[in-house]
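Labels for the chains are A, B, C and D, by order of writing; each one numbers its residues from 1.
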Amino acid sequence: MGEIFNLQQLINGIQLGSIYALISLGYTMVYGIVRLINFAHGDFYMVGAYAAYFIVNFALARHVNIPVVFVFAASMGASALIAMAANRIAYRPLRYKPRLSALITALGVSMFLEYFFSALPFIGPSFRSFPELITQRIFTIGNIKISNYAIVDVAVSAVLMIFLTYLVRRTKVGMAMRAVSQDKDAARLMGINIESIITITFLIGGAFAGAAGILAGITYPRIYPYMGILPGIKAFTAAVLGGIGNIPGAMLGSYIMGISETFATAYNSLLGEGIAFAILIIVLLFRPQGLLGEVTAEKV
Amino acid sequence: MLKVSNLEVSYGAIKAIKDISFEVKDGQIATLIGANGAGKTTTLRTISGLNRVSSGHIFFKDTNITNMEPHRIVNLGISHVPEGRRIFATLTVMENLELAAWTIKDKNVKSERYDLVFSIFPRLKERFKQLAGTLSGGEQQMLSVARALMTGGSLMLLDEPSMGLSPILVDEIFDVIQKINKQGTTILLVEQNARKALEVADYAYVLEVGTIALQGSARELKEDQRVKEAYLGA
Amino acid sequence: MRNKKTILFIVYSLIFYAIIFLFHSLGIISDYILHIINLSLIYVILATSLNLINGFTGQFSLGHMGFAAVGAYISGILTTLIWHIKPGNPGSYVLFIIAMLVGGVAAALVGLLIGLPTLRLRGDYLAIVTLGFGEIIRTIINNIDYVGGPRGLLGIPKFSNFTIIFITALLTVILLRNLIFSSHGRAFLSIREDPIASELVGVNTTRQKVIAFVIGAFFAGIGGALLGHLLTLAHPTQYGFMQTVMVLVMVYAGGMGSISGSIVAAFGLTFLSEGLRILLGAIGVAIEWRMVVYAVLLIMIMLFRTSGIMGGREFNFLLPFNKEE
Amino acid sequence: METILSLQGLTHYFGGLRAVHDFNLELPQGALWGLIGPNGAGKTTIFNLITGVYKPTEGKIIFNGEDITGLKSHLIVEKGIARTFQNLRVFNGLTALDNIRIARQAKNNISLFDSFLYTRKFYEEEKQAKEEAMELLKIFNLQSRAYTLAKNLPYGELRRLEIARALATHPKLVLLDEPAAGMNPREVGNLMDLIHWIREQFKITIFLVEHQMRVVMGICERIKVLDFGETICDGSPEYVKCDPKVIEAYLGRVENA
């Protein structure tokens, strides 16, 4: 018991959960507003990691000292751009078609990004090591080791989550987002351009996934074009766990997911890979609306 | 004020509206009556841009608004109270009204609108901080009308405002409609309750499976034998 | 009227079979082309069975190749690791067919295991759960040394030949068609149209969904068994999410709820895919572009022809009855 | 008269919201009763509870002397309760004939084996199913529409198709949820005749929810009035029409009734 349930694992779990949370928020926001499981969302995360990779390597090759904040801003921007492009080209034309069409299109977009990146000669399908953007330091307290990476991961995601919560709860755009998620036609009749609200949603979701991509690059410094698939699925699982469409739910679900995965992996690596789905299935069986989700009675 | 000419709307292969033309004059209450499936709701949704026009034109105050985006049509001055209220249930009454004021930049205009809304719907002021979903059915319908009033259109489209309301509340909502009209808003009313609609309206159109079958002043139509038989249950 | 149209359909199919067989013996069709035809026929099995679940019953499953993996590995274990049989004498073929059926049944059982708890879920949730199950199956295979783990199960005897694959595909199509044009099939369709109304006119929707899912899984298992014994190996990467997407593309390109569409798309896309492989190889471009083309194709179909090639209709010769009989 | 459906203390909550509270009903065999009340009063919820779409928070549902509380919907249909819906729920992508045939599902004893192989039994069953369905279509004057997709039928025919589909399940009790919604007075008159006629013809009990007073007052033998999930009045049309509580909560000025 003592070996598995220790504080060190808990810290690692929170660190992983922070990264999941940033991805999962994009899933939950997009789902909340356009009722689409955006399968390509995990790939936006991959795009963020590659954007950072190229920016940092470009700077290193020219011996330029580049501020970390700039790297974040540029890579988040790249992911946001891809997310908005996917929305504009692939999802928007299907807005009033059966929901399944958009879901399948999202699979197509996901596949496109993964294979396009691995087909591009300057990227390729193989692993690349992410450059050292921040020098690692380890702090030791008692027998617990905390890396400054963990602090960065938790801090960056905390700042972004606070920003998002403020945006949704307190601003006019946030209010419009909540209205659009409830009833698109009614929102349009209020004079709201719902397409711009949806675009903003993809922008934020994409940027957050991009941030998660850089954090993952810093923390687990191996990137490749398919790196988004599993974290994407797990982050979606976390969003469902918390109650899809519910922002605090996505955060809660992500931390639960990160922590349980870390503990399970410490026990057995196979278990670590399977735990996400095991949790998902158990939750859906006993609480289909997720932990913080609300029951919506189907209208008959 | 509103002129619809040779309008045609399809859902996939099915024509919901085939070639209808009508107009609403400034200051009037005009009404569209007809059975379910006749295309009344579709007509309103098409005017406010929620449905696409297959052919024909819609002019609002000499502006061609055919196939314009809904938010731009709202900006031009058409407000729409949709069928089934469609209030934002998990937002407060205040947030519902704030959203309706989305396009208003001027603070003074906004507070004038609030004054107007509260003078007509004093109940909503009492319930300002409450979640809209917890209002009663009648109050929700009032909120839906208040929201449309807040967007400040000079033409208001009302889709079945009496639906699902008890007879007492039906009377109340028709009083409100007349009050809004007296304050200068032109109204296009779609109603199942033809008797009530003809009581308040100036001019009426009878819609039958996608076409205008009859039209005339409300007073004339109330006495029309065909209308009596089919819609008033004489 | 009984069976007349079916007999006619079988006759047409046998003519098709005879022509291919003859042309191959004469050398007009090369071994390579025959191989692609074999692959196409296996994809017919995989696509029609997925169409049963996704297209006819309206349940969005993303774990189809997981079931195929079960079929491939279970049958492969039997023929390769337990019985050590080789093609040759008729007896070994009988054993192979038994192995294939066991593979199908095993896949069906896994389908039952997954379907019972999850088919109560709403559409999108089912998608993610079946996707998860597919990944779990793959993870498990990856970690079992007995079947070669990540190296795959090698040295599977090549039992799948044109005749066996053809007969299996033909039987699959006829059986699935019969099921669809029966009261069970109408129940599947009613669930797709409106699950609540369906339940409220007396359809045991949970049971019918599980039936469709289990039958779909069974045929996926059969398809997997044939694939393993055609390629002489089974490898975890052949049964991943991306492979499921390839089958999905066939289902939607052909058209949801159309067996004819799945057949046309299975042939069309398999040939396209092989054609691209040759083309890209010839001009020396990365093979990944093939999947890029697939992805773009999928998006284009959804954007411009949502209802697929057949748009939910069937070829007349595939229908069991004339319309108003 | 023997009771066919008995609801005892039926109560239902959505989240924290009370939709139905302590609803009681003793519906006699062969009766034609109505349920009225303002929108949101809980009428459709009661139908959903009876047909197993929701499970009641409290209370019992006894049908034909058998406790059916909490049974799955399709089993309740099998016991003999059928219904129609407020907003039409026919299977749009299927033909009128298939809409009816599906409703025979519970009575169908065709195995998977028979379906796969098209055995003699399969053909016999199919033939019988089709004949029965065609007969029903004929009764509702829809036989010429048998092979038309439901989505291409006009509104009035869809309403009839939905009632025909309910009858195809061989019910003993039919729940009609706003059958006159969207009909003009002429069609309403025909509907009232139809409801009377099917009650005699199929020997069924009918319980209906309706907004149009003309229908409820015109054909129901007894009426229950619901407001905010509670029964506020129960009696003959004449009694209900004059009850001050009903007038206050629902009817308003007498001229509307």
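Going forward, a residue touches a chain if its C-beta (ideal position, glycine included) is under 8 Å from a C-beta of that chain, and two chains touch if they have at least 3 such contacts.
None of the values given here were measured: they were computed from a predicted structure.
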{"item": "Of all other chains, the one whose Cα centre sits farthest from chain D", "value": "A"}
{"item": "Comparison of A-C and A-B (more C-beta pairs in contact)", "value": "A-C"}
{"item": "Centre-to-centre distance between chain B and chain A (centres being mean Cα positions), rounded to whole Å", "value": "42"}
{"item": "Inter-centroid spacing, chain D versus chain A (mean Cα positions, whole Å)", "value": "47"}
{"item": "Geometric centre distance via CA averages, chain C-chain B, whole Å", "value": "52"}
{"item": "Inter-centroid spacing, chain C versus chain A (mean Cα positions, whole Å)", "value": "33"}
{"item": "For chain C, residues contacting two or more additional chains", "value": "196"}
{"item": "Residues of chain B whose C-beta touches two or more other chains", "value": "none"}
{"item": "Two or more partner chains touched - positions in chain D", "value": "53, 85, 89"}
{"item": "Interfacial residue positions of chain D with respect to chain B in the complex", "value": "38-40, 151-152, 154-156, 181-188, 211, 214, 248-253, 256-257"}
{"item": "Touch list for chain C against partner chain D, complex", "value": "2-3, 6, 175, 178-179, 182-187, 189-190, 192-194, 196-206, 211, 215, 320, 323-324"}
{"item": "Chain C residues touching chain A - in the complex, by the definition given at the top", "value": "60, 117-118, 121-125, 127-129, 131-133, 135-136, 139-140, 143, 196, 241-242, 245, 248, 252, 285-286, 288-289, 291-292, 294-296, 298-299, 302-303, 306"}
{"item": "Residues on chain B engaged by chain D in the complex (per definition of touch)", "value": "14, 35-37, 136-137, 163-171, 192, 209, 229-234"}
{"item": "Chain B residues touching chain A - in the complex, by the definition given at the top", "value": "48-50, 69-71, 74-75, 79-80, 82, 86-91, 95, 98-100, 102-103, 147-148, 151"}
